[in-house]
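Have a look at this one.
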Amino acid sequence: MSAFQVDEVVAALQGVRREWRDTQQRMQTGGERELPSREVVADVVEALTGALFPMRLGPTDLRQESEDFYVAHTLDNALHHLHAQATLELRHERRRTAAELAELSAEAQQRVREFAAALPGIRQLLDTDVMAAFHGDPAARSVDEVLLCYPGVLAMIHHRMAHRLYKLGLTLLARIVAERAHAQTGIDIHPGAQIGAGFFIDHGTGVVIGETAVIGERVRLYQHVTLGAKRFPIESDGHLMKGLPRHPVLEDDVVIYAGATILGRVTIGKGATVGGNVWVTQDVPPGCSVTQALSRELARDPNAVPAAVSAK
Amino acid sequence: MSAFQVDEVVAALQGVRREWRDTQQRMQTGGERELPSREVVADVVEALTGALFPMRLGPTDLRQESEDFYVAHTLDNALHHLHAQATLELRHERRRTAAELAELSAEAQQRVREFAAALPGIRQLLDTDVMAAFHGDPAARSVDEVLLCYPGVLAMIHHRMAHRLYKLGLTLLARIVAERAHAQTGIDIHPGAQIGAGFFIDHGTGVVIGETAVIGERVRLYQHVTLGAKRFPIESDGHLMKGLPRHPVLEDDVVIYAGATILGRVTIGKGATVGGNVWVTQDVPPGCSVTQALSRELARDPNAVPAAVSAK
Amino acid sequence: MSAFQVDEVVAALQGVRREWRDTQQRMQTGGERELPSREVVADVVEALTGALFPMRLGPTDLRQESEDFYVAHTLDNALHHLHAQATLELRHERRRTAAELAELSAEAQQRVREFAAALPGIRQLLDTDVMAAFHGDPAARSVDEVLLCYPGVLAMIHHRMAHRLYKLGLTLLARIVAERAHAQTGIDIHPGAQIGAGFFIDHGTGVVIGETAVIGERVRLYQHVTLGAKRFPIESDGHLMKGLPRHPVLEDDVVIYAGATILGRVTIGKGATVGGNVWVTQDVPPGCSVTQALSRELARDPNAVPAAVSAK
Amino acid sequence: MSAFQVDEVVAALQGVRREWRDTQQRMQTGGERELPSREVVADVVEALTGALFPMRLGPTDLRQESEDFYVAHTLDNALHHLHAQATLELRHERRRTAAELAELSAEAQQRVREFAAALPGIRQLLDTDVMAAFHGDPAARSVDEVLLCYPGVLAMIHHRMAHRLYKLGLTLLARIVAERAHAQTGIDIHPGAQIGAGFFIDHGTGVVIGETAVIGERVRLYQHVTLGAKRFPIESDGHLMKGLPRHPVLEDDVVIYAGATILGRVTIGKGATVGGNVWVTQDVPPGCSVTQALSRELARDPNAVPAAVSAK
Amino acid sequence: MSAFQVDEVVAALQGVRREWRDTQQRMQTGGERELPSREVVADVVEALTGALFPMRLGPTDLRQESEDFYVAHTLDNALHHLHAQATLELRHERRRTAAELAELSAEAQQRVREFAAALPGIRQLLDTDVMAAFHGDPAARSVDEVLLCYPGVLAMIHHRMAHRLYKLGLTLLARIVAERAHAQTGIDIHPGAQIGAGFFIDHGTGVVIGETAVIGERVRLYQHVTLGAKRFPIESDGHLMKGLPRHPVLEDDVVIYAGATILGRVTIGKGATVGGNVWVTQDVPPGCSVTQALSRELARDPNAVPAAVSAK
Amino acid sequence: MSAFQVDEVVAALQGVRREWRDTQQRMQTGGERELPSREVVADVVEALTGALFPMRLGPTDLRQESEDFYVAHTLDNALHHLHAQATLELRHERRRTAAELAELSAEAQQRVREFAAALPGIRQLLDTDVMAAFHGDPAARSVDEVLLCYPGVLAMIHHRMAHRLYKLGLTLLARIVAERAHAQTGIDIHPGAQIGAGFFIDHGTGVVIGETAVIGERVRLYQHVTLGAKRFPIESDGHLMKGLPRHPVLEDDVVIYAGATILGRVTIGKGATVGGNVWVTQDVPPGCSVTQALSRELARDPNAVPAAVSAK
């Protein structure tokens, strides 16, 4: 006899699962795992990060002469695991039976091959991001420190891989990669966002960048910047319309200071600057600066208790 | 001879610990661990998550036919570890001696049994949360993606368990569970908060929900929303008054956009909407919308450098 | 034949690495690891945390009578690993050859020795932080709960160690420690910031504290507070000027509520309070309160859709 | 440039592998793993051992009330892994293509199902072995000590499972299981050997029991006993003849003391005893004892150095 | 539905366990683990080995200056785990209820304290064993090689600890330790055997030393030597008589070559030598050598196939 | 206060270590680890085994197309670890100071490079061993089964690597490798033994092969065969003479059955056979068979109890 009525709880949970499955009218796939695994994808990302920056983010005992052995083995292994996850995603997306699995696997393989071919380009873009952080932050002492410590760089390593997966139609894997970065850095970049070279996010906690955002080269953001949608257009059938461009366009050399919120398909022109906490829902011309008009009350009476923003 | 004078440091640290213990007038409990373990509680939560969603968040090689074996074993194991942690919490709370441990253990067992019995209901509520996310986010492609990737869902898996522990008087364990979600998602929900079915937090970083908040059904929040207390009433003896309702009430179908701050025991009426970055300290009637009056200065002079919000 | 053209990708990655190294004109260091390891530093911090609070954050099966054995062994081990990492930092900073390694190692040893000697003082400061959280939060039930659960305390355990490393010139290690706290708590404190005893950050997500900030005793912050720089002075040669005091000074007993932004080398006087979401760029006299003038529009028309701050 | 000419060694090893594969005229199986894994089989055996004796050889924190949950989950998991290994064996044996894999898998499943059904009987037999050891060894203090410590019992847990696999035609898996016992205990029992209830091997190192040996009930062996074949009959085509009974038959209640060697298809009659170091190649009638005639020379001259049996 | 009828197998196994428990009339101990754990004891032995020889068998990165920290922490930890295991043994032996556990724990603590106090003496004895191996083997190049590589030394590290446990009445723990050595080295020394300083076993596989054997100083054995009992005296009630001296006595400076078998309470006198494969059941006077009279047949006929000793 | 007087035990152990070090007059090497690590060497052997037989003894998920990536990375990594261990051995052997370490490291590197170059040849020899086992054992069903299951093959994988290390003067590493095989298989082959192609040991427990043994091609041994030294010649100074050929020579195609003992520098001629349990101290001419003259007493009296060879 279990002290916790485990038998009953198990039966009740089984009932709830059955209900859920009935509601979802799930196709039977032989009772096997239907979804990619967050853990496996996380390992793949970790391995690819090491393969991209072997001497700095790879294993601590790696020597330069062995880089290529390490890169080849790690890459090969990671890509095969990615292939398996990609096949799972395709099967899940199309609800195919096991019989058609070979076909899906071949398709997944083709996509992973394209992903692999894109990795050198990704590394080149990341090098520009590292340089951007190094030049943009007076506190940065070396490019290595930037690569090792900056959450914005960590987020971009994830995003540049996630974006490539997204463009190859592996949107679920892309999302898992993006959420891993979100969990580690507090920076939430949708894998669909297009981001040019030399991108730098400082501090980063609370940054949100939407799916159809387009960001030029050498752009700089600070913490808690939102590049969001203003509203969701609704189709005639009452469903949300999908795929429409609904997030901002930031042209080259734009700087957005902390806490700024930019909403809708507006364009922030080349070289423009948006000040801290500013709320923008219209275009900003190139070269302009937008700042907030401050309003503040100063109470000299020390007994005046201000509104506490606390959850207590 | 140690290179780092470890002996001296050890002695000094011993002295500091002694001071601390003298100040705290800690009851002697035989020198054993007095506190629950974050690591054990994290493992329990991980296991319970797998038991709640075996085929999607459980082990990757699970097959549907084996679900119940897995659920039974995992649940049984997790509940026993939870029982041990609950006993530690009760002992810590009441400063009992080992002699009374059996009594505390029996009490802890009863509470864990009630917790176990609540798990099927928790799973049902979480299913409504998943559906809410799926319907509320135009980017969501499947309910499985939502379960796998959305930090808001991860936070609610934790919260719905933590809230049950809180109601059973295991507030320290509840808090440890809540802080685990906070660390992973940046969403900080106090375990005391009451939250109805179909709750959805999008993006989530920076959300804070206070202990006495009451949230109805089908409510939606975005990132960086605060449901906080306005001020802390002080008792005649100068201590903060505890337990008073001091956080907002959100009725059914409320939507709160990103960055909004709602303070104090105000009520946001059924179906009302609070716009982004709005600061609310009064009731909002049902069906109403509150938005921020924008004030902004546009400087066309490109040399005008705006206030940088940076920590550099 | 590899399914993913691994050979080609490896060659291309090699090319990109060569380009990068050429650009960086990196000194050859014999092909060995040139940088400290985040993983090792994380383990060191974990071990030191256990050594500082053995019975509460150390191993779960520790008994009080064995504390000193555990502390001595753990400390000794952690300090030696720290020594190795410190040597790597010095070598990296100075681009020395292996021949001079012994000298760098001796210098690193001296610094780690000073760090070790500072640990008892760090523990004492942390005890004041724990007490501050306990007294400052009406929801805190015991000092142990505070130590176990509060992200603000976790951030301060990291910061007080990171700050000591920073003052010893080990700025890269300091930064790695600080970023570990940032990733876990969403609280981003630059290791250079000077923070007095009894410091308490509640909730914490989104807090940013800059390098030259100076914080007195018994100060309290809430989530999403920024203590930032207003602008970066530029030197005659066009480079950002470094090392100038550019962040706020908070005197004793200051309270800053959630979302407030304080920029530049301003002084918030003893006992002053800054309300939620307030933007401050000037001094606040001692004992004063600053609150935000609210402007809000209430639309009773339920069809008026407010600006959504979302990334969808 | 690798310090160890790894490229060249890799190429040379590739050449040797190619030679080997050419010689072996291996069927191509798509380049995947062709063989069962020793590591996986070892884990399966470990898990089944826990499932057979949950409270004594299972996890240390198991409680009796949870036995069935543990047994069900562990068994289910172990059997599925065994199924995968059995499928690999069948494919390897028959050199089938992947296309026929489903068929092989079904066949493997049927065999594993029979294996599973045999487990309760195996446990019953093992209980008799434990009792035999307890009663046969004056030093044994409890049946639990016997189960925990006696290498002979460990060998029989392996053998009784291996024998069942052998009878189900999974001879390669059977052999892997047997060799695991051999490595741990120095007891080498071929999985084909038929062994009755209440079997006890004391000490055990160096025991060898051949494939066609037949052992009755309540038999006892000591270390370094060999039950071997006398010679291998050769077929007309010059190959060794297979499958002929060529090892001894030991009837019920036989005792064989240490170092005895019994060769060929001889029968040791019911209740007979074979003394230490005796060499037997003929039948021994029931109830008889066979002992060795000793021949020994005693040299009183202390300078006479005897033949050293050493590898030095 | 499980593919392997797991439910049925679980039920059947439950039945077998119930039968066994009924037969054994096991006292109920609340359903918890009743026995010491081999895994825990193995870890304790591993830790104690490191504490005895820190720089050579301890962790590879230990430095001499830190030895005492390592030894203290490791010892403390290992002894506490040993204490827990000793308590389990006492409870198992006496079938006590949990209520009397505190008493048993105190008794176990006293014994472990005595064990701890004996460790320095054990280390000294082991040093003599290492020197004996170094001087006795022409192939030994250094004392460190001996400590690192010789299975005879590994066996003695275990035995000298096991013997102490045996003398303290912890015979089950002693046996577990002894069987661990047996599994690793093929050397089976009963923990009761008394063995003097400077003992050396070369090669070792197949050595068996009985419970009441007494071995003097500077004795040397080779592989496959048995120091056994001749027969087991039977008491009037038909049970085997226990505890009688029934194994050989080897006086100082005896050498026994490979494969020799010495049975019963005979005495091999000081400095005597027993040759390879000799069978001894009588006393051997001091200084004498015993060798085997060889008998051998040489068949020049190459067709004469000798008796194969094989299990095929 | 420790329950086990750990402080006193630590101090006493320190005293014993000091004594030992004084006796050994150990050179000071800065207090660092002076010896190779068994664990590291074991990992190296494991990795090299995988590199030699990637698809059969490498990781279970390896695919043929990735073999070379796996082999290159694994080899590279293993060889570098071996290099570090070889450097430790050279330093230990020569008691050099750290200052001369670079020189020793270069020498070690050269030896490891030669070892690496020998690996393809080792693989070829091992292929002949596998074929010999397959043809020599009627029970072997496939070459893969042989590679996977036969302890004799496992021993030879170790020996052929250990022998190469021995010839390169890395005798301590060679010994560690050999003892690893000994522990796993009960087969004790001194790394110095020269063994030709196509060597097969069946069962193997208790086999001992001495340092100067020379074994031709296609030789077969069974369990418990000793190829030992007859006596150790003593030099005029009373020390054992080293390096003299003192173990048997087995010419091509020799078969030695189980339990045979061959002592001294005798030659067993080409194609000769030595029967089970035979004791040989003289040359055996080519093509001859040697068998044992049996002597046995058969007691029909069932009450006559034979000499028990037991340790009870």
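Lettered A, B, C, D, E and F in written order, each chain numbered from 1.
By definition in this document, contacts are C-beta pairs under 8 Å (C-beta built on N, C-alpha and C of every residue); 3 or more make two chains touch, one makes a residue touch a chain.
Composition by chain, UniProt nomenclature: A, B, C, D, E, F = serine O-acetyltransferase.
The shown structure was predicted, so the numbers you read here are calculated from the model rather than taken from an experiment.
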Key: Neighbouring chains shared between subunit B and subunit F, ordered by label   = A, C, D, E
Ask   = How many steps does it take, at the fewest, to get from subunit A to subunit D if each step moves to a chain that touches the one before?
value = 1
Query = Quick one: which of A-C, A-D or B-D reuses the A-B interface, over half of the residue-numbered contact pairs in common?
reply = A-C
Task = Give a one-word verdict, same or different, on whether subunit B and subunit D use largely identical residue numbers at their interface, taking over half shared as same.
result = same
Task = Tell me which of C-E and B-E has more C-beta pairs in contact.
result = C-E
Key: Cα-centroid distance, subunit E relative to subunit F, in whole angstrom   = 23
Overlap residues in subunit A, where contacts from two or more other chains coincide = 2-3, 6, 61, 63, 65-66, 69, 72, 75-76, 80, 138-139, 186, 188, 190, 203, 205-206, 208, 211, 223-224, 226, 228, 232, 258-259, 261, 263, 276-277, 281, 292, 295, 305, 307-312
Key: Which pairs of chains touch, using the document's own definition   = A-B, A-C, A-D, A-F, B-C, B-D, B-E, C-E, C-F, D-E, D-F, E-F
Inquiry  = Using the touch definition from the top, list the residues of subunit E that touch subunit B in their complex.
reply    = 1-3, 6, 65-66, 69
Inquiry  = Under the definition above, what is the set of subunit F residues touching subunit A in their complex?
reply    = 61, 63, 66, 69-70, 72-74, 76-77, 80
Request  = Please give the residue numbers of subunit D that touch subunit E in the complex, ascending.
outcome  = 51-52, 54-56, 60-65, 67-68, 71-72, 75-76, 79-80, 83, 109, 112-113, 116-117, 119-120, 123-124, 127, 138-139, 141-145, 148-151, 184-186, 188, 190, 203, 205-206, 208-211, 213, 223-224, 226-232, 246-247, 258-259, 261, 263, 276-277, 281, 292, 294-302, 304-312
Remark   = Counting only contacts in the complex, subunit C reaches subunit A at residues 2-10, 12-17, 19-20, 24, 31-40, 92-93, 137-139, 171-172, 175-176, 178-179, 182-183, 186, 188, 190, 202-203, 205-206, 208, 211, 222-224, 226, 228, 232, 240-242, 257-259, 261, 263, 271, 273-281, 284-285, 287-293, 295, 305, 307-312
